[in-house]
Structures are given as C-alpha cells and as structure tokens.
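Listed below are the structures to be examined.
Two complexes come next, and they have one chain in common, subunit A, joined by subunit B in the first and subunit C in the second.
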Partner chain A sequence: MAINVFYFLVFPGLLFTAIAGAFLSWFDRKITARVQFRKGPPVFQPFYDFFKLLLVKETILPKYGSPVIFLLAPVFAVFGAVMAGVFILLPLLNITTGFRGDLIVIFYLLTIPSFSYIIGALASGNPLAAVGGSREMKLIMSYELTFLLVIAGIIMKCGQHFDLSSIIQVQQAGSPFIGSISGVLLFIVAIFCIQAKLALVPFDMPEAEAEITEGIFIEYSGAAYALIKLAKYIMFFILPAFLVALFMNGFRIEGTGILWAVLKIFAVVLIMTLIRNTNPRVKIKQAIRFFAIWMNLVAIVAIIIIAFGY
Partner chain B sequence: MKEIITIISLPVFAGLLLFFLPEKFRTFKGILAIMVVAVSGYLTIVIYSSANHFCSLNELSSGQSGLNTGFGLIHDMGRYITFNCDNLSKLIVVSVSIFSFLILLYSLVYSKDGRVRNYYTYFLITLGCSYGAILSDNLLLFITFWGILGITLYKLIQSYDEESSATAKKTLILIGASDSIMIIGIAILWKITGSLSMGGISVHTSNILSVVAFLALLTGSFTKAGAFPMHTWVPDYAQYAPASSTAYLPASLDKLLGIYFLARITTGMFILNEWLTLLLLSLGVISIITAVLMALVQHNYKRLLGFHAVSQVGYMILGFGLGSMIGVAAGLFHMINNALYKSGLFLSAGSVEYRTKKQDIDDLGGLSKVMPLTFLATLIFAMSISGIPPFNGFASKWMIYQGIIDFGKGTMIANKLWVVWLGLAVLGSALTLASFVKLIGGIFLGRQRKEFEGLREVPFLMWLPMILLAACCIFLGVFATDYIVPKLFMPVSGAFQFQGLWNSSFVSLLVLISIILGILLYLAFSLKRFRTEDSFIGGEKIHDQTGYSTTEFYKTLGEFRMFSWFFRKAGEGSFDIYDQTKKYVLRLSHQLSEAHNGVLPAYIIWVFAGLIIMLLIMI
Partner chain C sequence: MGFKNFCFKKSLWVFHFGGASCNNCDIEILDCLTPRHDLERFGILLVGSIRHADVLLVNGAINKRDKERLLEIYNQAPKPILVVAIGACGCTGGYFTESYTFAGPVDKIIPVNAYVPGCPPKPEAIIAGIVKLVENS
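Moving on to the complex of A and B:
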C-alpha cells in the first residue's frame, strides 16, 4: 500500500514525470529556438516558469463562473496524467508490482486531462474559453477512434494481450513492432494522435494564442495555471514514453540500455517538435477530416496488414 | 415462499385502492405508496437472501384454503403459475425495489402539482407487475405482467397538448405491437418445445422456426429496453413525460426488465448461432453510435438524455452478444450502472425543470452556484456515463472492452470483426463525453444568468435521492473489481478471471489523495492572493448577448456531408420505425378507401367478385 503511494507520488509518478517532462519541454523549446535561429531558454526555464506561477503570481477567479470547479479541474488533470504515467512507466521500467493497469485503463486515463481542461474552461464563464473547450472536445472526438485503432493494432500484433508488460515482453523476445510495415504505419498515426492529445501545432486550435488567446486556459493564472503547466509537462513525457513502449520494445534499465532509453524518448520528442515547427495550424474541420478519414484509413490498412501477418 | 405472492399482489392491490381515493389527498396517497414500496422492498431483500428455488402455485398456496379454492376455479391453473427465483431474478428484483423507492421519494415533492392523475396508482401497479414479470417462469404469466406494464407506461405520461398525446399514443402502439410479436414468438416456442417454462427451454437456433421465435422475443426485449431499431419511443417519452416517470420507467425499470429478458433469451432459452451473434453485436453498436450522434445535436436536455437512454443499451447488448461469462457479467453490471446514472440524470433534469421551468439548454446557464447539490450529482452521473475512471460506468465499459478483446480470439466472422465492435464502442463513449460536456456546460457552468440569481436548491426530498444515486455510482465504481463484480454478478454469470488490470479501489484512494493535496496546495500557496474579476475577452466589453452557447459546440459536424445527411434524414423520421410503418399503413388504407366510391354497381361487383373467389376456394 505505502509502496504504491510512493510509486504514485515520487517514482515513477508525480515527481519523476514532472521533472522529466520539464526537461523534455526545455528540449522542445530549445529545438524550436534553433529552428527559428534563436538562442533558446536555459535548462531550468520550465522550473522557473512553474515556481513563479505557483509562488509569486496571484490567482484570479472568475466572477460569474464556478470557482470551485475552476480550481479543481487542474487537480483532476494532474491526477489523470500521473495515474496514466504510473501505469505506463511501471512496466516500462520493469518494476513488478500488483498495482498495474492495462491498455484500456491507460487509454481512458489519458482522456482525463483534456476533459478536465474543458470542464475548467467552461466553469470560467469566458466565451473564448468556451470556444476553446468546444474545439478541444471536437478534437477528442476525432482522434479518440484513431488512437484506439492504433492500440487495437498493437493488441492484434501480440495475440490479444492488452497489458503493457506483455506487449514489451513480446517485442523484446522478437523484434520491435516499428520494424514491420504495419508497425511503421501505426507509428505515423500514433505520432499525429499524440500531437493532437498534447495540442501541439498543427492541432493547437483549442489554445490558439493568436486568435482566442490560449482559449481553454485564458482565465487561468497563478497556482491553478501552475498545475495545468505541471499536467502538460507530465503529458509531454508520458505520451512519448507510451509510444516507446508500444513500438520500440520499451526500455532495458542496465548499462547502455539507459542511454538507449533516453535516446528513444528524445527521438520521439524530436519528431513531434519538428512537426510542430514546420506546420501551420489547421482549422478544426480540417483536423476532424484528417483524423476521421485519412488517419483512420491508414490505421485500418495497417490492421488489415496485421491480419495477414506482416 | 409467501413473499413472492405478497410482493406482487400487495403493490397491485394497494395501487387499486389508491385509485379510489380522491386526488385531494395526494400527499397522503404518496406516503401510503412509499410505505407499500418499503415493505415490498424489504420482502425482496428477504427473497434475495434466501436460497434459489423454483416454485409453483400449489406449493405457494398450500395451507391457505381460501386462496386454493379461488384459484381452483380455473382448471389446472397451478401449471401456469410458476415462479423461478434464481440469481438473476433475485438481483433484478432487489434493484427494482431500490430504484422504485428512491424515485418515489423524489416524486413526493415533484408530482405535487398533480400533472399525472393517479400517479401513485400506476406507480404501484408498475412495481407489482415488474416483480411479477421478473419472477415468473411461465411465459404466459410473464407476458401477462409484461403487457400490463405497457399500459401503465402509457398512463404515466400526461397528455396536455397534441404532441404529448401523440407521444403517448406512439409509446402505446410500439410497446403493444412488440408485445403481440412476442406472443407469436411464445407460440412458436411452444410449438417447438411443447413447454412454456423459461428455465426448462434450451433451443438451438439452427432452423428457421427457432430463429423466428428468437427474433420475435428479441423484438419485445429491444422495445422495452429501447434499442435500435425499436427505440424511437424513448426520446419522445423523455421529452414529454414528467421527469419522474421517465426516471422510473424508460430509464430504470424498463431497462432492467428488457435486459433481464434479453439475458434470459440469450443465455438460457436459446443457443445463438454465428449469424445471430453477428446481428446482436451489429445492433448493439448501431444503437450506440446513432443514438449518441442524435444526442449531440439536441437542444432539449430531456430529449438529449432520452437518446442516451438508447445509446447505453447498445453496450449491454454488446455484452450479451459476446456470450462469454465476462460479457454477460459486464452486460448486467452496465445495466445496473446505467439504471443508476440514467435515472439520476432524469431526476436532475426534473430538478432543473422544477426550479427554472425551462427545457432548453439555450435558456439555461450558470446554475452550479444556486443549485450546488444538483450540480454535484449531475456531474458525477455525467462522468459515470462517459466512462471517466474510477466511476462505475468506466468499470462496466472496461469489462465489456476486455470481453470484446477476448472474443477476438475466436474464428467466426463476428470474432474477426472485434476491432469494429471495440472501435465503435469506444467512439460511442467519446461522443457520450462530448454530449455531456454540452449538457453540464450549458446548464450548470458558464456565465450565470441574471434571471437565475434568486433560485434556491430543490427541497430535501428531491435532492436526497439524487445524492444517494450518485453515492451508489461512486460506490459501485470504487469497489467494482474487488467486491461488486465477484459478489453481485459472478453468481449470475459464473466465475471468471479478469483479463485486464484495474485496481479500482486503490486508484479511487489516489484520486482522494490528489484532491486533498490539491486543496492543500491552493490553501498553502495562494489563499491570500485570490482575487475575483470579470472575464477577459480581448478587451471587449461583455454584453448580455456575448457568449458562445454550448449548444453550438458541435455545429461543425453538421457541415460534413455524411452527418448533415444523417441529421436531415433523422429529422424527417426516416430511421423511425413507427413513422415509416405509419406512412405505409396510411398509404395502404388510402388505397383501400379508393374502393369506397359510393357507386352501387361497383359495390355489387365487389360482392359478387368476393362470392366467386370464395366459391373457387371451396371447390
């Protein structure tokens, strides 16, 4: 019991994922700066951002909204992210414990942050936040099926097992799933899905700074916004880690394995960063069409290929 | 087992008694009704804790000579009155009691204005007949109780204008038609097996006759539970009937009964072949997706909930369609969960309507401050129905999904298509979340309207049932894997191992820890620095019209050709089996009326033509 609480709060839960995610977010910003011929922030910039919001800035509550829900939504978002992170990282780091969750659980937990942002945004009573919330919800509706098809493809690939540790074991015994045609197709689809999950360009319309001024987060400030930042850092780490577990045979925590693990995560984040720096924001309708038609089509093709054994 | 006779006859006779009391003593009638429900609820718990058994009237009435001679008037009556008390019926009977009690408690205040005449009479008769339908083993006895339920359903909707009477008529016709189809099914079953006992029949669906019998009985179950394509009365009923009636029948009791009968026919009375499994699973996912798409674009919140009452049935059908132990347990679990949150949602809808007198999401907003308890309950129901962990809706959906994944190991066509079932079920759950974001956002969150500033929370007797139902939602979710499923559902379906990994109670503890830590964080770091301000919308002034209505959220979907086609057709009633049948029947009767032209020679020709045909047949 106590050890599970430790897993949740310290390692590999809240503290670890937050720190790793903060560094990854620095990496993302640094790469973005280099792409744009800028110098970029120092390594600890994400921590400065977080602690400034938490300790220094005042928190402004909406006058005509529902302050309690407005404040609790970020907490629930952090919970969802950390819980999903624990269930992803425990098998990935090869920690055997009775406290586990399967792919469906992870899939549903990963929806909690987005859902909380929407509820929080609506609780603020701001019309721009409502626009953002509506876009976020439509985005969820469009990528949810696609993301599930990716997971279903993986489940098919390893013979109807749907817990993460057996998926990693199947890959480590054989070859990583990304080494096959279907694996490559599914990986491409999955990258776009997590791009949308993280609301990165080209799918950042819920936040769209230039038109609806951060949309769903427009009313957030101070400690509440610090929690949202925290949830975003955590998501920025666990989603690439999830892809590493699903496609790139996970981690081996020994010797050079650690270096490889770090490199795999960096590789996935690099792809995401490059996509976000070389694309414009699409309209919500284009995003729905992109996922509902093209990405689903690719995923279904991949699943058919898997059914034929490739 | 005297209890069985008592719980069936006590509510029915009490209901008939209340019928003769004048409407003036409505509160007194309500209190009397709640006492009856409490007594029969207690007796169902006695039945639940007793052993499984099978009994006929002769055993039941032994020792009571008066009863015996009364029944003895009809020859051989004891053969038809048989009851079966197994794990399944015991579980459903207790659930029926719980829902009836809570909803009746709510109705005491809600139906004070007497919108439905003789509300308590029909409420009690419904209760007695539901017990009867669930406990009876003989199919004829079953269909008798089942048929009375259709009439009380009709009487529990008030007819105040043309649309509501049309809805009442539609409900009665659809339910009545499905009942008559069921009688055909029972007749065929009797022809095949020569038995009318539900427990004693096990038919292979290998020939056309047995398939027809199965489909006929399935029609009855689907109409009662409100599944595609027989669902169309549910949204209309939800829109026009009082919220307590909807919470009582279409949301909880009809679901329990319909799914109970589905469980009986799919797991006991028939052995499904490959194609029927495929049919069941397809109808399940079609129910999920079409109904939830319709819910997305509704403006009337009661109608929106009505469509969800259809959509959720799809998950239960999926569970039973799988046919595995986990599928059956998941279907039953989802049935109980759905009855919990769906009747709760209708009760909250009723509360909102009770205070604001408005039915449209567009006219509402920002009620969370003035009706905090209703809001809290609704939020819990909404999160449960959308499958947010760790609430109960997630637990049962999770079981259904693992049932589907496990089902994918098989070799039949339906097994090969497991990705389709899984994908559409998960998509349905995402769309459910979307439409509940709209409901919660539109009614409770957002900018508070000036006209609602003086509102108060609903009376104690109205919020108590909602809070209790919400507590049940949390309880069933939190203890799902360790306690609820093994103790309540495994006795019915048979014991199985979970394929997936989900530790519901510990994760719930972590939710609690997180929320406490979050509150502490706010208190520790920024208690002094809270300031309230009006919203910032890019420097513009906020006027009364400024805003982005949540009902506009999913308008983008209508811009896609496929969806706009679907919504247009649905608006015209093309998917409504009632409207379509009505169209053809009216056209046929119109053609027949052409013959009535009032010309005497034409009638004489008809008469002679008829005579000649009869003669030809006789020769």
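Moving on to the complex of A and C:
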C-alpha cells in the first residue's frame, strides 16, 4: 500500500513527471526561441510560472457558472495525467510489469485531462470558453479513432500482446518498431495524434490565443490555472514517453541506456516542436478532415502492411 | 515572502490595454517581443486574457468610453497586478489633454506603478521601465 502511494506521488508519479515535464516544456520554449532567432527563457522558467500562479496570484471564481465544478476540473486533469503517467512509466522503467490489458486503460486515462478541460470550460459560463470547449470536443472525436488504430497496429505488430511491458520486451528482443515501413507510417500518425492531444499549434484551436483568447482556460486564474499548467507539463512528458515505449523499444535503465532514454524523449519533443513552429493553425473542419480521412487512411495502410508481415 | 516575490518578478505576464491610441505605442510594445529585443528572456509573455495577467500595460488617451472599460478590466484582474502607463497620452494625456472627450490620465482612474513617457517611447525605454518596476516591486 505504502509503495503504491510512493509510486503515485513521488517516483514515477506526480513529482517526477512534473519536474521532467516542466523541463521539457522549457526545452520546447527554448527551441521555439532558437527557431525564431531569439534567446529564449531561462531553465527554471516553468517553475517560476507555476509557483507564481500557485502562491502569489488570486483565484477568481466565475459569477455565472458553477464554482465547485470549475475548481474540481483542474484537479481531475492532474489526477488523470498522473494516473496515465504511472501506468506508462512503471513498465517503461522496469519497476513492475503492469497487468494484462493496461494499454486500454492508458488509452482511456489519457483522455481524462482533455475531458476535464471541457467540463471546466463549460462550468465557467464564458461564451469564448464554450467555443473552446466545443472545439476541443470535436478535436477529441477526430483524433481518438486514429490513436486507437495506431495502438491496434502496434498490438498486431507485436503479436497480440495487450500490455505495455510485453510490447517493450518484444522490441528489445527483436528490433524497434520504428525500423520498419509500417512502424514509420504509424509513428507519423501517432506524432500528429499527440500534437492534437497536447493542443500544439497546427491543432491548437481550443486555446487559440489570437481569436478566442486562450479559449477553454480563459476564466482560470491563480492556483486553478497553476494546476492546469501542471497537468500540461505532465502530459508533455508522458505522451512522448508513451511513443518511446510503443515505437523505440522503451528505456534500458543501465549504463549508457539512461543517456539513450533521455535522447529518445528529446528527439520526440524536438519533432513536435519543429512541427508546431513551422505550421499555421488549421480550422477545426480541416483538422477533422485531416484525421478522419488522411491519417486514418495512413494507419489502415500501415495495418495492412503489418498483416503482410513488414 | 522572498521566494514568492522572486517567482513573481521572474514571470511577469503582460496584458495590453490600448485606449484611444494612435497605434504608435502599440507597435512599440509589440517591438519589445520581437527577436531584436526578446522580452521572453526575462520570462515576460503577452497573454490574451486579463485573468492570467500580472502587468496591465495601458497606452493611449483614455476617453469617456474607455474609462468604463479600463475600470472593468482592472476589476477583473487577479490581484496583485501592476499597472504601467505607456507613452505621453497614457502618462499625462499629452496632445489630448484639452479635449472634451478626455477622461483624465490613467492614474486618475486606476493606481499606476510605473510611467514610461515618450511619443512613442522606444522599446529600450519600455524595457528600462519594466526593469525599474521589477526592481522596486
């Protein structure tokens, strides 16, 4: 029991994912700054932002809305992100092997943050937040099926294993899945899916700051917004870690394996950052069409290639 | 208190309120965020919603209609919030002081923490003003 609390709160859980995610979020901002020929923020900038929001600023409750749900939504978001992080990182770090079918649990836990943002946005009673919430809902509907197809492809490729640790073991015994044609196709689709899950730029219409001024987060301030930032940091670490587990044979925590693990995470985050810096924001209609037709098509082609054994 | 104040100084998020402005100060404020001056080095970001802001930049002459909006924006902001008046019109009223629609300079309406005069002030002057604000807050 005590070890489970430790897993949840400290090592692969809340504290570790928050620190790693804050650091990756600094990396993202620094790369963005370098792409635009700027200097960029200092290393501890995400920590300053978080503690400023948590400790200094006042939390304002909406007048026309539901204050309880408005305040509970960020807590749910952090809870879902941390639970997903624990289920992903325990097999990834070889601490325990998880259980049969934990891939499905991870898949559903990863949607909890997005759903809680929608609930919080609709509870705030702000029309712009409602627009953002509706866009986030459409975005979820468009990328979830594609993400499920990616996971189905991975399950087929590793030989009908439904748990993350078996997928990692199959890759470590053979070769990483990204080394094959179908693996590359699935990886491209998965990168776009997590881009949409994190609401990064080509798919950031729920929080488009230029047109609907942060959209779903418009009414949040102070400690509640700090919790949302925390959930975003955690998601920024666990989704690249999930991709590393699915495609790049996970981590080996020994010797130079630790360096490789860090480099793999940085590589995935670098791809995401470069995509977000070289693309404009698309309309929600274009995003739905992009996922529903093109990305699903690529995923199905990849699954057919897997069925032929490549 | 030391740690809280340190974090606050290191991450000032800026909300920009333009009154009845001639747009020169707006352009100079945006210049501060461009690659040449890059205020993100100091953790300063431009945010879209007043709920996330730590600094309220006000520029332009405040006329009678702007006064209500400015008061509403100021009351919606989470405290503590710092207010900076940018440009001659924000600080004193400048050219529009005698106008019949003028509703007083910014500091007659809301408390102001720093003034950056100039018509328009250079981006360097705005950065110097924000540095002084951070040092004294």
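Brief remarks follow.
What we mean here is this: the second predicted complex is superposed on the first by the 305 of 310 C-alpha atoms of A that agree within 3 Å, B and C clash if a C-alpha of one lies under 4 Å from a C-alpha of the other, contacts with A are read in each partner's own complex, and residues count from 1 in each chain.
Simple rule for what comes next: a contact is a pair of C-beta atoms (placed from the backbone, for glycine too) under 8 Å apart; a residue touches a chain by one contact, two chains touch by 3 or more.
Note that this is a predicted model, so its numbers are computed, not measured.
In the superposed pair of complexes, A:I104 makes contact with subunit B only, with no contact to subunit C. After overlaying the two complexes on the shared chain, residue contacts for A:R38 are found with subunit C alone; subunit B is out of touch.
In the superposition on chain A, contact is made by A:P127 with subunit B only, not with subunit C. Once chain A of one complex is fitted onto chain A of the other, the partner contacts of A:T96 are absent, as it touches neither subunit B nor subunit C.
By the touch criterion defined above, A:L55 lies against subunit B and subunit C together after alignment on the C-alpha atoms of chain A. In the superposition on chain A, A:I218 makes contact with both subunit B and subunit C. Looking at the superposition, the partner that touches the larger set of subunit A residues, subunit B or subunit C, turns out to be B. Contacts of A:T256 after superposition on the shared chain: neither subunit B nor subunit C is touched.
Shared interface residues of subunit A (contacting subunit B in one complex, subunit C in the other): 55, 57-60, 213, 218-219, 222. Looking at the complex, you find that subunit A touches subunit B at residues 1, 4-5, 8, 54-55, 57-67, 69, 71-72, 74-76, 78-79, 82-83, 98-102, 104-105, 107-109, 111-112, 115, 118-119, 122-131, 133-134, 137-138, 140-141, 144-145, 148-149, 152, 155-156, 160, 162-163, 213, 218-219, 222-224, 227, 284-285, 288-289, 303, 307.
Considering their complex, residues 29, 33, 36-42, 44-45, 47-49, 51-52, 55-60, 209-210, 213-214, 217-222, 225 of subunit A touch subunit C. The part of subunit B that touches subunit A in the complex is made up of residues 366, 368-369, 375, 379, 386-389, 394, 398, 401-402, 405-406, 408-409, 416, 419, 422-423, 426-427, 430-431, 433-434, 437, 440-441, 444-448, 499-503, 506-507, 510-511, 513-515, 517-519, 521-522, 525-526, 529-538, 542, 546-548, 550, 552-554, 556-557, 559-560. Residue ranges on subunit C touching subunit A, taken from their complex, read 3-4, 6-8, 10-11, 35, 38, 40-41, 43, 47-49, 51-52, 54, 76, 78-80.
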